[in-house]
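Both complexes shown next keep chain A, but they swap its partner, so chain B is in the first and chain C is in the second.
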Partner chain A sequence: MDRGNSTSRRNFLKSCLAGAVVLGARGKGELLEAADQSSAGAKSTVVIARDSMLRGGASAVDSSRILSLLDRAMQSLFDLDHPAEPWKQLVHPGEKVGIKINALGGRGLSSNRHLVEAICERLEEAGVRAGDIVVWDRDTDEMGHVGFSAATAGNRVQCFGTDRIGYEEELVTSGSVGSRLSRILTQLSDVLINVPVLKDHDGAGVTGALKNMYGVIHNPNKFHPNGCNPYIADLNLLPAIRTKMRLTVCDATTACFEGGPGYKPQYSWNHNALIVSQDPVALDYTGWQIIERKRAEKGLKTLEADGRAPRYIATAADAQHRLGTSDPRRIALVEV
Partner chain B sequence: MGWYMPGAANCGPGAKRGLVSIVKNGEDPGRSSERRGAWPAFALDRRAFFKCTVMAGAACGLSRLGLPSLAIPLPAPTAADDSRFVVEARFYQKLPNKKVKCKLCPRECTVGDRERGYCGVRENRGGTYYTLVHSRVCTAHVDPIEKKPLFHYLPGTLAFSLATAGCNVNCKFCQNWDISQVRPEQVPAEYAPPPRIAEVARQTNCPTIAYTYSEPVVFSEYLMDAADAGHEIGVRSIVVSNGYIQEEALKTAYGKMDAVKIDLKAFSESFYRDVVVGELKPVLDTLVTLRKMGKWTEIVYLVVPTLNDSDSEFQGLARWIKTNLGVDVPIHFTQFHPEYLLKNLPITPVPTLERAKAIADAEGLHYVYIGNVPGHPAENTYCPKCRRLLVERLGLTARQILIRKGACPSCGQAIPGIWRA
Partner chain C sequence: MIGHSMLLRRGLLLGTCMTWAWAVGCTARPDRQATPFPATQEVAEWVRTGDVRTFPAADLWKYIDGEAERYLKAGVRSVSTADYRFRDKLDAVVDIYSMDSKSGGEKIMESEPAAGAETVRLGDGGRLFDQSMVFRKGPYLVRITAYESSPATPPALLALARGVELRLKP
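Let's turn to the complex of A and B:
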């Protein structure tokens, strides 16, 4: 079955130019200026791919359209014509690939299963064996509740939580806190593909790429004080995370602008978008702006005014962490 | 029934299980700090303990396997039922948007739906806050009461000592971090409802249940219920705690205790902020409140080289105790051993402990002890008036108890404490 509509590079560029949209509620702000300069070097590219017909009139995301949306996003990010090509640049046959999802939000606000299936499909096309792919989060039951049925045997994509395999005995220290890492990360993943959900977060302000790594340690509760700052940045600095994470595909098909991270229908909206980047800091900065814009639309205070500005994003970009950029002038924002 | 009993060297979740260790008086000269499982002089085997619990009329739970060391996913656990450990929390406030504010400890975590507090053992489920560790015992031992240490409370007796997972601070020197700094589902545990604990304590000749090892503040609901169950059959309860608890919870939960030991980690806010991830002031408030409640309280001060061992800190502490609690509150200056995230520091030199004691003595405190140094004369209790030896100790052993009717047999000086069961 042909699930995807491959987008040629020409069409893609056309739609990119035609679809350039201002992010942020203040007209042509810094972020757009940054997008305008996307051809300049030393920038982090963040692609937002949207499809208003992603659900085709139904409430659920359409599996073929989300594959197509993923292709558009990835081809744009890597500037390549064929859907499988970006993945061949990311991974190599024989590598074990961990896809870290987020199932914490429960039904309605967790990583979309069709999106993860689409990623797996493209990984296999890129030569990765199905049995070398593991879709995972913290808890197998939580994953099951949001549609990720456990699979732990055979030459197929593996799917289970760290609860089934445990954490390393050895402590690693990130900043001031010691943690044990998931064995899925340390032993079953050469490459990490991060698939978070774009959400408001009562403590951190925003949760996206960087905070999704709380799911790889045994004690995330010790990382929540002070709006998770600098804990999120410190955690992402760990070599096991920093060196393995090659891509973030942020699920913004349904996003949340208030009351997160749990699912609350009144504070969620169908954004019908994917945000992809190899720079998790730039991605989180971009996601933050999307949430702020939605909050403004709904008449809510900014996160800053609400005392919840996600300061960890700037910390992640500072000289001690250098995990990416939070400077909009250095973010090449592309909307397709 | 099998209790999780990590060995001395390996306290990980995969460690040997199925034993309750018993540290008997006279058999163990080890440290008196509350590291569980460190000195199992002999152990009650599983069959004996099983028999004991059956005699007590208790149901037996099945042990779960430890996790494998290799990365091979385990099959789905069968009929795992964690719901029996889940009880609505006692101290919290509901907020809009299904958030809650925990009112158990001064941290006052605001917790969103589906999230947990800093302790990791309390979870917001749809706007209701739950403890996940009621009756969820991850370690249990029969210890001498001197190991807590409580020196003025039933010396020479045993305490049935237990813990659940979790802690509301994160001390960088924690000896039991593998149970205190984990979530309950990450460590094997047994279902041990309060009446069963009380019966097992009695069957093992323990006049006291001790809530200890991790941080009992975070299992307050269980502690209260177990204390009630114990008192119904004549078994007392004591708690070994960091004292980082709100006043209402303190009065309600620790009000049920027969004695309290507070770990005062330092006498500076900076140490609490940087090493403990907590605050000093609320702990001092706890000590004052316990005093007002008339609760028998002893204080332990773990002396960490270079971090909390200055003369001024010892002096400030001693003066504060004298002014706010009185000179009869026992204080134990105990020796630090490198653990967890402070492995770069040396063991506390004995002269440092002696310096701390000398300063506290000079300030007029009556009962200043040195701990974790077996055989040191400052393990003993002396009459503050005539200096006669009253209780001779060696490590965890009370070798001679010479106090008579709560007083010095030589001069008649009243010796504060709880001396008779």
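Let's turn to the complex of A and C:
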């Protein structure tokens, strides 16, 4: 992608804002449903909610403001007035909800704890028992390092890594991918809420919703060649992922435009935003454009020119995968 | 029954071992040789707050995920990491990458934009940013990342970096 294309995409973002239509909530819409709608010509909604005062005067995110930001994003996505209503459409009492965070970037660039607490609060208001919610990633210590203390007992929200209960014995395959899935996904989650972080990625170009699923398998290191393409798309096609992921809340409070996925402050910025969608492909496409815009602002080459365009996003949208849409004409982008 | 010559050989061996152990004990500085990570207060006002964790090249992805390929191509052998705190307020992490050769660290640094960095004379070359720094010395690449930015951050990071640099053998 050259700079000209980058510019046109930025123009596209602006034009989308003018004509954005907030689609009605899809309730328990799953990715297949999203793909079907996509193929039928419907648009996938992606909401970007920003709060320039998210940190007040401090460097840390304010917990009450991020709850408000989440509410604004979700109410816009589902076109509903009350903060708890979108969650009631998304989940139901008795369902077990797994919140897959990303703790790999270390303290500076991992899913924000206050954001995850806000999601848990709204889930409980929607009738989900605290004990039926599990916040998880690959490794418990890694999670503890970024503020998610282990919790496994009582009626509290559970919080631990796959290292505590392991991966399924059975190898599941999808296209180029053969992996064992986290038991947290297969046994403790009826619903998957994906909470990645918006980052540049040395191999994949961009990491967001789809790439975050590398954290649910035992062997992600096998799938980094060729810009992670088609591995990311193939992985997300696995039924345990595709049918359970109902929502992505991408943490772009602090985002990374270069040198990712690890935290390097010199290549990160406080975007103070959340990006939410039920279409992970559309969300990743939108996140990619945000990163390109920041790279251009910093005088860096486009990811295409750097040989790192995230081609897996288009693969995820192709006829073999249909995990969502990467066509900007079919993305209804809403900024609130 | 043990013969006289056998006893003599054993005695000689024991004596040699004791002499070697004494010599090593007199000349070694165990802490400095054991780790390149400065101990608490070895660098003024810096406290080491966590254990040193080491990841060999094969497990690098467990620590830095998608960045591992770039380091593997540059010849990384391992990375060791430890957390620090300055004045009980500023947290930072020190990562020390051990590469196959001097050129490994050069490759990594050359691949990273240096905009906004101050060039510092440390080891074989370093860059100081508002909230982080990176330098290389021989086959080592050192990255120090702070989690807050303030006027005190760059000089504090530089002091810690100098403490690490002193411990690294060229």
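Everything that follows uses one rule, which is that the second predicted complex is superposed on the first by the 295 of 336 C-alpha atoms of A that agree within 3 Å, B and C clash if a C-alpha of one lies under 4 Å from a C-alpha of the other, contacts with A are read in each partner's own complex, and residues count from 1 in each chain.
Everything below uses one rule, namely that contacts are C-beta pairs under 8 Å (C-beta built on N, C-alpha and C of every residue); 3 or more make two chains touch, one makes a residue touch a chain.
Since the model is a prediction, treat every value here as computed from it, not as a measurement.
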| item | value |
| --- | --- |
| Chain A as common anchor, with chain B and chain C clashing or fitting | clash |
| Partner with the higher number of touched chain A residues, chain C or chain B | B |
| First, second, both or neither for A:R164, with chain B first and chain C second | first |
| Partner chain(s) touched by A:L104 [first = chain B, second = chain C, both, neither] | both |
| Chain B versus chain C as contact partner of A:D202, first or second or both or neither | both |
| First, second, both or neither for A:K264, with chain B first and chain C second | both |
| Which of chain B and chain C A:N221 touches, first, second, both or neither | both |
| Partner chain in contact with A:G299 - chain B first, chain C second, else both or neither | second |
| Partner chain(s) touched by A:D279 [first = chain B, second = chain C, both, neither] | neither |
| Partner chain(s) touched by A:S59 [first = chain B, second = chain C, both, neither] | second |
| Offending stretch of chain B which, after superposing on A, collides with chain C (from 128-136, 236-244 or 272-280) | 128-136 |
| Touching both chain B and chain C, residues of chain A | 104, 106, 201-203, 221, 224, 258-262, 264, 267 |
| Chain A partner contacts - residues on chain B that touch it in the complex | 12-14, 67-76, 97-99, 109-120, 170, 177, 181-183, 185-186, 274, 277, 340-341 |
| Interface residues, chain A side, partner chain B - complex | 104-106, 140, 150, 152, 158, 160, 163-167, 169, 171, 173, 176-178, 183-184, 186-188, 201-203, 218-219, 221-222, 224-225, 258-262, 264, 267 |
| Residue numbers on chain C that touch chain A, as the complex places them | 61-62, 64-70, 91, 93, 112-113, 115-117, 129-132, 145-149 |
| Chain A to chain C touching residues, read off their complex | 59, 104, 106-108, 139, 201-204, 207, 214, 220-221, 224, 228, 258-267, 298-300 |
